[in-house]
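Below, chain A partners chain B and then partners chain C, in two separate complexes.
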Partner chain A sequence: MEVIITICLGFMLVFAIVAVMNKSLLKSAIALALVSIFLGVILYLLTAKWAAVFEVSVCSGLVTVISISAISLTHEEKEQLQKKYMDKRRMAMLPYLLILCGFLLVFIVLTAKIQLPYDQLAEPSTETLSEALWDNRQADVWGQIIILLTGAFAVVTLFKEA
Partner chain B sequence: MNFIELAILTTGFLLILAGCYCLMRTYHIIKILIGIEVAMKAVTLFIAYAAHINGKIGLAQSFIITIIVVEVVVAVVLAGISLNLYKKYQSMDLRNIRKLRG
Partner chain C sequence: MRALQYVSMLFVIIPLTALIVCSLIKRSRQNAAFYLLSAFAAAQVGLALYGLMLFNSLNISEYSFGFHITQAVADVFTLKPASLVMLLCIGLVSFTSLLVAYKTMPANKKLSYLRLLSALIIGMNGIVLVNDLFTMYLFIEIIGISSFVLISTTKTEEGLESAFIYLVMSSLASIMLLTGLAFIFMRTGSLKFEYLIAINNTSAEVSQNALTYLSYILVISGLLIKTGAVPFHSWLPDAHQSADTSVSVLLSGIVIKAAGVYCLMRVTDIFGNLYAIRLSLAILGVITIAVGAMFALHQNHFKRILAYSSVSQMGYMLLGISAGGILGFIGTMLHIFNHAVFKSTLFTNAAALHEEVHTLDIDKLGGLQKQMPITATTSLIAFLSTAGIPPLSGFWSKLLIIIALWKANFIGFAAAALVLSIFTAAYFLRLQMNVFWGQTPEHLQSIKEVKGTIRFAEIMLTIITIAVGLGFPFILLFLEASGII
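The block that comes next holds the complex of A and B.
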């Protein structure tokens, strides 16, 4: 299991860098969908199965559809895009920054011998998702309903023909 | 700290860094959406791993579902803003928002 999680983490990082740095927006959106799929695999292996289903179907399906439709409705030429925003030059430092920060983090964790607080953990619970969501976290459900209504009103307002 | 903990924490931090770097360095509104999404993936990863070592997997899944709902609404609102911005200025540059009056 750990091997698969490590491989998925590596792919996630690589595709996230592709999504952030690629000058073609379409490829960026597809790379973002791939990041979601690998995150879904990791969630499944960490036994968060419902979250994995939501991650793969919503984040890698719906968000990709939304962003790709926004990209295709607002078509800008690739050369013009590059000239106007200079994303390639602006993003050029990112891989070096990530490599540096990665080595720095691993070095700090290994030298300072940082431990996760296992000894302060409470008892593990057998609460299922439906019990947690519908019984104990009802305020979250109301918050989600309000956020969804906000999104619906935003769609009605922003997408209406002037 | 064993290897998998180190790998998950380092990858999550680097994902947040990549997303924030994208937010800081670009003006294209779809790229900003992609940066926000990349950073939010790292948050989802952290919550899932916290639940894995904590044992409270149901609670964490409800949090993750809330995060996913927020992600989708953010994506929809940013897409709508980008379409309107493109209709008005034929450009996706976020700096154009400053020109709006009233």
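The block that comes next holds the complex of A and C.
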């Protein structure tokens, strides 16, 4: 299992770098979704099943849909965008270097056989979803709903021409 | 007990109702929403005062509650006297902000302002009521999102830029907070305040550990960014200056205190009496007071001076936290309340000047004492209170903080706090002289005193400043009689 987790961590690192460094916003958004999927796998393996479900469905599903639809609404021509980023060429080697470092890290971890602290791993929870969300973390649920509402208001305030 | 149950639930229900009403109402009826939200803010002030009375008569120190729709729900909120004082400040400052916004906010932005304000009030009420570190973080984020957008509602270039700076700084704070919380959770397996305080006092393995210390540093640094203490203060003056004045009232009056100082107080509660943390907070406090005051001396924009003054006053609150003990706690809470009142007064004065003179550049203002007597007098009283001149309210809170520092053996810091309050007087004297005193220039002869809601807010807040100042000996006597000090 450590092998899978370590490889997933490596992929997360690689796609995170792609998300930050890629010139195309669309590819960045897709790379970000992939980061979330690998994080979901790790969460699943670490027995946090509900967290994994939410990570994959919300962070890689919903958020990607929202960001891709936002990107499709931007008006700037693609060439103009690319021209804007042309002078960033001096950093061109950096992503490859970082990706290489990522692979190297995974390789080192795998060869050195570093153990995960299994004694600290939580027992699989017996709580049902409603117990976990409503009975024990009620305030968090309220908070999440209000954050979503506030985000909606923020978009309306900033982008709707009155 | 039943009364307390209803009162405590209303603190959650009232802002939620406000948010729902504001999101459903049409633009043509926005004034109705304005009156409703003002009534709600005023009701919160009344409820907080009533709650304090209830706590006194029931003789309890805290009350936990939740919304028990099903049986097994845990109590997710906790009400304490300190949180009631915060709720009082939140209601008062929101009310003031609404009074100011009624005049200053452009008509097509009013509805957005109301919606975001109700979200902001929920966030602040939440922070004050929660009993779990992670929920606290969640509500800090609500405050963050609504304040970014409130700062940039007018969509000027400076507004958007300063909101972006705030956004970047806040993300940094969020990363630090979350990482710190993850470390704490790794060590203890829970983020409930009660549990953390208990385990820190009993288990040396948990409390004296490199990872625990690292998590303290991360959490405190994150909260210091939200407070605007000195190495992390760069976002604050820009945000205050470029936002609409009604938003500046909120930011300076309550947001930096609810999301910064109050959370810091709760977090330092957990860590207990770690000398290193208290010492570093005290050093940061003195630096914050000094640097904020120095910068305030060299600004030419009315609101920018007030913003740096807020930075400087945050230093006093940090000193109060570092002193610890019941005296430091009461001093800090009182300074939060006093600062909310007098800084709101000063920002309301800024709104009055902006409405009448249309500039806040203090070089272009002057000699307005005769033209705007109410604004000039209220500003003078607020600044005397800020500088800590007896018998105004600011004097008592600074006195308590300095006594607490003295008792905690931080004698040097107490002396520094005393000496540095001269700087407060200096920059406000400069402000007062440049804006209100001296000869009135030709082009300002025809200026009239501000009318309506802004004038009402100025007078109301000044009366509170004077009343709390004069009545404070009675509050002290009451605290002594009930055995708190």
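The rule we apply is simple: the second predicted complex is superposed on the first by the 102 of 162 C-alpha atoms of A that agree within 3 Å, B and C clash if a C-alpha of one lies under 4 Å from a C-alpha of the other, contacts with A are read in each partner's own complex, and residues count from 1 in each chain.
The working rule: a contact is a pair of C-beta atoms (placed from the backbone, for glycine too) under 8 Å apart; a residue touches a chain by one contact, two chains touch by 3 or more.
Just so we're clear, the structure is a prediction, and the values are computed from it rather than from any experiment.
Engineer: With the two structures laid over each other on chain A, which partner does A:Leu158 touch: chain B (first), chain C (second), both, or neither?
Structural biologist: After superposing on A, A:Leu158 lies in contact with both chain B and chain C.
Engineer: Under the stated touch criterion, which partner chain does A:Ala112 make contact with: chain B (first), chain C (second), both, or neither?
Structural biologist: neither
Engineer: Touch test for A:Leu98: chain B only (first), chain C only (second), both, or neither?
Structural biologist: A:Leu98: touches chain B, not chain C.
Engineer: Which partner does A:Ile66 contact after superposing on A: first (chain B), second (chain C), both, neither?
Structural biologist: Only chain B is touched by A:Ile66; chain C is not.
Engineer: Name the contact category of A:Ile147: first (chain B only), second (chain C only), both, or neither.
Structural biologist: After superposing on A, A:Ile147 lies in contact with both chain B and chain C.
Engineer: More residues of chain A are touched by which chain, chain B or chain C?
Structural biologist: In the superposed model, B touches more residues of chain A.
Engineer: Is A:Asn136 touching the first partner chain B, the second partner chain C, both, or neither of them?
Structural biologist: Both chain B and chain C are touched by A:Asn136.
Engineer: Common interface residues of chain A with chain B and chain C?
Structural biologist: 122, 131, 136-137, 140, 143-144, 147, 150-151, 154, 157-158, 162
Engineer: Applying the document's contact rule, which stretches of chain C touch chain A when the two form their complex?
Structural biologist: 12, 19, 23, 66-67, 70, 72-74, 76-77, 108-109, 112, 115-116, 119, 122-123, 126, 130, 132, 134-135, 138-139, 141-142, 145-146, 148-149, 152-153, 155, 186, 189
Engineer: Which part of chain A faces chain C closely enough to touch in the complex?
Structural biologist: 120, 122, 131, 134-140, 142-144, 146-147, 149-151, 153-154, 156-158, 162
Engineer: Which positions of chain A touch chain B when the two form their complex?
Structural biologist: 2, 5-6, 9-10, 12-13, 16-17, 19-20, 25, 28-29, 32, 35-36, 39, 42-43, 46-48, 50-51, 54-55, 58-59, 62-63, 66-67, 69-71, 73-74, 76, 81, 84-85, 87, 90-91, 94, 97-98, 101-102, 105-106, 109, 113-116, 118, 121-125, 127-133, 136-137, 140, 143-144, 147-148, 150-151, 154-155, 157-159, 162
Engineer: Would you tell me which residues of chain B are touching chain A in their complex?
Structural biologist: 1, 3-11, 13-15, 17-19, 21-22, 25-28, 30-31, 33-35, 37-38, 41, 44-45, 48-49, 51-66, 68-73, 75-77, 79-84, 86-87, 91-93
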